[in-house]
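The same chain A turns up in both complexes below, where it pairs with chain B and then with chain C.
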Partner chain A sequence: MEAIKPKNLEEVLEYKSKYKGDAKIIAGGTDLIIKIRKGEENPKALIDISSLNELKGIRETLEYIEIGPATTFTEICECILLNKNLKGLKDAARSVGSPQIRNRGTVGGNICNASPAADTVPPLLALDSILVIEGKGKKREIYLKDFFKDKGRGELEGDEILTKIKFKNPLKNQGLGFYKLGLRKALAISRLSFAVFLEIDEMNRIEIVRIASGAIGKFPMRELEVEEYLTGRIINENTIEEAETLLERVIFERLKGRQTAKFKSIAAKGVFKKALLNALYLCKGVNDFEKN
Partner chain B sequence: MILKKIEVNINGRDYCLDVEENLRLIDLLRDKLKLTGTKEGCGEGECGACTVIMGGKIVNSCLVLAFQADKSRIITIEGIEEDDVIKNSFIEEGAVQCGFCTPGMVLAAKSLLDKNLNPTEEEIREAISGNLCRCTGYNKIVSAVKKAAKLKRGGDGE
Partner chain C sequence: MKKRGKGIACIFYGTGYGNGFPDVSRAYARLLEDGRVEISVGATEVGQGAKTVMVQIAAETLGLLDKDIVLINEDTSKTPDAGTAAASRQTYNTGNAVKIACENLKEKILEDAAKLLGVNTKVGLCMKDGLIYVKSYPSKKVSLKEIAELNKDLQAEGVFTAHTTQMDENGQGAPYWPYTFASCAVEVEVDTETGEVSILRAKHVLDVGRAVNPSLVEGQIDGGFAMGVGYALMEDIGLKDGKMTNGSFEKYIIPTALDIPEIEKVLIEYPEDTAPYGAKGIGEPVMIPVAPAILNAIYDAIGVRFYEIPVTPERVLLALQSKG
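Moving on to the complex of A and B:
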């Protein structure tokens, strides 16, 4: 195995175009090193991007917040550019593993590893994030929601890498909430999480809602049916309850035949509600609907 | 096996080393440099026994490849002074039993106290949450960190 530490992005893309799929990007290594040692991955070359400034850090442009893929979870937690309406993204980053894992693990690695339980993916899905993907002499953009192809597999060609994650900076009346079940290090089954992005008007009418679930299916995904139900409705206890019931049904159908279907669909209701209330709180600054 | 040249500063000393390309930082420390205070427990990022400070932050040295550490500054348990306040507090509070987790715990505590000399109990527990201990039940470790914080602030630790 050849170990490569390029000086800049151009060099990374050069090596990638030479080795294609035989070369793996290594960022924090918190997924990849374990896989290599287990023999699940056997790359001919490793290209280290963990200290490449070009691929690190969080910037604000006119319209977007842009995150470099080699940005660590700790850097996301500590970033002052991510304001309080984006609390859900920080909460998700903070919920990852341990301080040691958060100091090394990156958001790009979280996305590209494409695990069903990747914690920062639901919030980024709820933000309707766009991924910028580059290869030597080429560049394209794809919505995160269209990126995942299967468990552990994202839509990347052998010569391509993820170079940026971007989403629109939320407005005052918008908020991103996150909630994750159970303790960290708990069983994977209880790593279930939800992220909800919400915009409401003065009348409490839902203008925009995007819901994403984690650790339920093959990869984190949007819950479109529930989004559709909620859009345009006044948010109150009744609509929240209806949405929960719909979600439970949708998830039960999706997992039908699997042992976990019942547990997950019921647990999802509560986790979704917490994420929704967290989002609502960020939009309004008050919490009208939390009873229990 | 091809070798890769790296420069690292470990415990204040500069090294220029040739490393195997798949060598982990923990193997570099333990096998090549005989800095055996860093322990290997799980080898999978779960236990924190292999914790070192790299670029000012605690990391699991079992999950860093040596070549990735090129140009970085690393502190291992050997880099902590003999009469260090945290170390002494661990001993005095009975926070060391078998001692396997201790190097990692001390470095996790140092990394916390370097930023925050007034941590709450919750912050202490969070800071050592990536370090498992099979012996102490953690309470004595938390007391040791509290005591070290107080001593560092200039109190008497009681």
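Moving on to the complex of A and C:
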């Protein structure tokens, strides 16, 4: 296996166009190295992008936040550009593995490996993120929600790599909430997660809601039926309960026949509600509905 | 909604192999030329503190400091058999063997000392800090080093055979001695919407006989408590058609520090007559009451009695659902 350390993005794309699918991009290696050791992956070449500044870091450009794919989870947790309304993204990054994994693992890897349980994908979906994908002499943009094709497979050609993730910086009355159900409080693989992006007006009417689930289907996805139900409604205990019931039904249908269908559809209600209340709290600065 | 509950569980546990299984520990003690004492014993250190405890028991018996004891263990070419580091038996069983070996060595040393000091009996001789002296005439003394120089072959064996009697065909009898007692209390919080169980606080009371090393006992309580939490709430080998489906720590979940609360610890020291300085085995007893205390607390919180562990979020939610 050949290891290549390009000096810049141009070289990366050059190598990618030469090797295509035979070369794997390596950044943190927290997934790839394990797969190579297990014999599940055996690429001819590894292209190391971990020290390319062009692909790292978080920037603010006009109304967008742009994240380089080689940005680590730790860098996301600690980034001051990500304001408090984006707490859900930081919470998700903080819930990834252990400190060692967060120091190595990258958000680009989280997206491109397309695991159903990828922690940072639901918040990025709820933010309606756009992916910038480049190959030698070509560049395109695709919504993250359209990226996933199957478990472990995103829409990426052999000669392409992900070069940027971007989403609109939330306004004051917008917020991103996240909640993950794992089997323990740290170093837990997600059994179920939800991210909710919310915008409400002064009357508590939902202007925008985007809901994304993790570890339920083949890949993280938007819950469009529930979004549709909630949009335009006044948020209160009733609407939340109705949304939960609808969500339970949708998820039970999706997982029908699977052993976990009943559990996941019930748990989804609770996990969704927590993510929603977290988002609401960020919009309003108060939490009217949590009765704990 | 988050619901809280409290639970208590009490246990007693017979340490050692018990039930008729032969349970013998052996140790050698030898006076070295420089006046230090070498203890050879097959006790295995598996993190529980055997190396520390055996040295402490030897030092106490010989009136020496820990640094004057040279411990040889885990080397079967040099050490006599002291049985396994299992059944919570090393401190009590092998500790006894070490103590007996040291007492036997001490007798031999005192016999030599009596001769050297010109007294007619070892009665009234004291041994402390590497010196043997006449109690009523302390300036009449000889050092262990001086004795070692004159007698290069001072060594002794200690053998301890634990009580272990097979039960009769009705399961009656006295299989073990001694027994260690423990009780554990926990407060839990159950999230009825996600099924998560959090342990908010815990108290652990342990009858240790005597804490040879209190920090080690507290460490054992921390570890045993964490194991009990894993047992109650997380750990599942996922047996399917005789095969483990959770065969790695990726899927076989054990607790992390974040899952474990601060544990208030109470050590009850009621010395056991047959034990080395009263110390009983505590390795397994610290863990046993934890899972039942947690299950009792969950019952107190949500009114569901679980008969199957681990109590995962899945089991909690499904049980709450069928309870209605």
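Following the convention adopted for this analysis, the second predicted complex is superposed on the first by the 283 of 292 C-alpha atoms of A that agree within 3 Å, B and C clash if a C-alpha of one lies under 4 Å from a C-alpha of the other, contacts with A are read in each partner's own complex, and residues count from 1 in each chain.
Here is the rule we use: a contact is a pair of C-beta atoms (placed from the backbone, for glycine too) under 8 Å apart; a residue touches a chain by one contact, two chains touch by 3 or more.
Remember, predicted model here, so these are calculated numbers, not experimental data.
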Practice problem: Once the structures are superposed on A, label A:29 by its partner contacts, choosing first (chain B), second (chain C), both or neither. | Solution: first
Quiz item: Touching A:171 in the superposition: chain B (first), chain C (second), both, neither?
Solution: neither
Quiz item: Should A:269 be classified as contacting the first partner (chain B), the second (chain C), both, or neither?
Solution: second
Quiz item: In the superposed arrangement, which partner chain does A:260 touch: chain B (first), chain C (second), both, or neither?
Solution: second
Quiz item: So, A:3: does it touch chain B (first), chain C (second), both, or neither?
Solution: first
Practice problem: Quick one: classify A:81 as touching chain B (first), chain C (second), both or neither. | Solution: neither
Practice problem: Would you mind listing the overlap between the chain B footprint and the chain C footprint on chain A? | Solution: 184-185
Quiz item: If you look only at chain A, which of its residues touch chain B in the complex?
Solution: 1-3, 5, 26, 28-30, 33-34, 36-37, 46, 48, 50-51, 74, 97-101, 103-104, 184-185
Practice problem: Using the touch definition up top, name the residues of chain A that touch chain C in the complex. | Solution: 181, 183-189, 191, 260, 262-263, 266-267, 269-271, 273-274, 291-292
Quiz prompt | Contact footprint of chain A on chain C as seen in their complex | solution = 1-2, 191-196, 198, 234, 250, 253, 255-259, 312-314, 317-318, 321
Quiz prompt | Contacting residues of chain B [partner chain A, same complex] | solution = 2, 4, 21-22, 24, 43-46, 48, 51, 57-60, 62-65, 67-68, 70-72, 108, 111, 126-127, 129-131
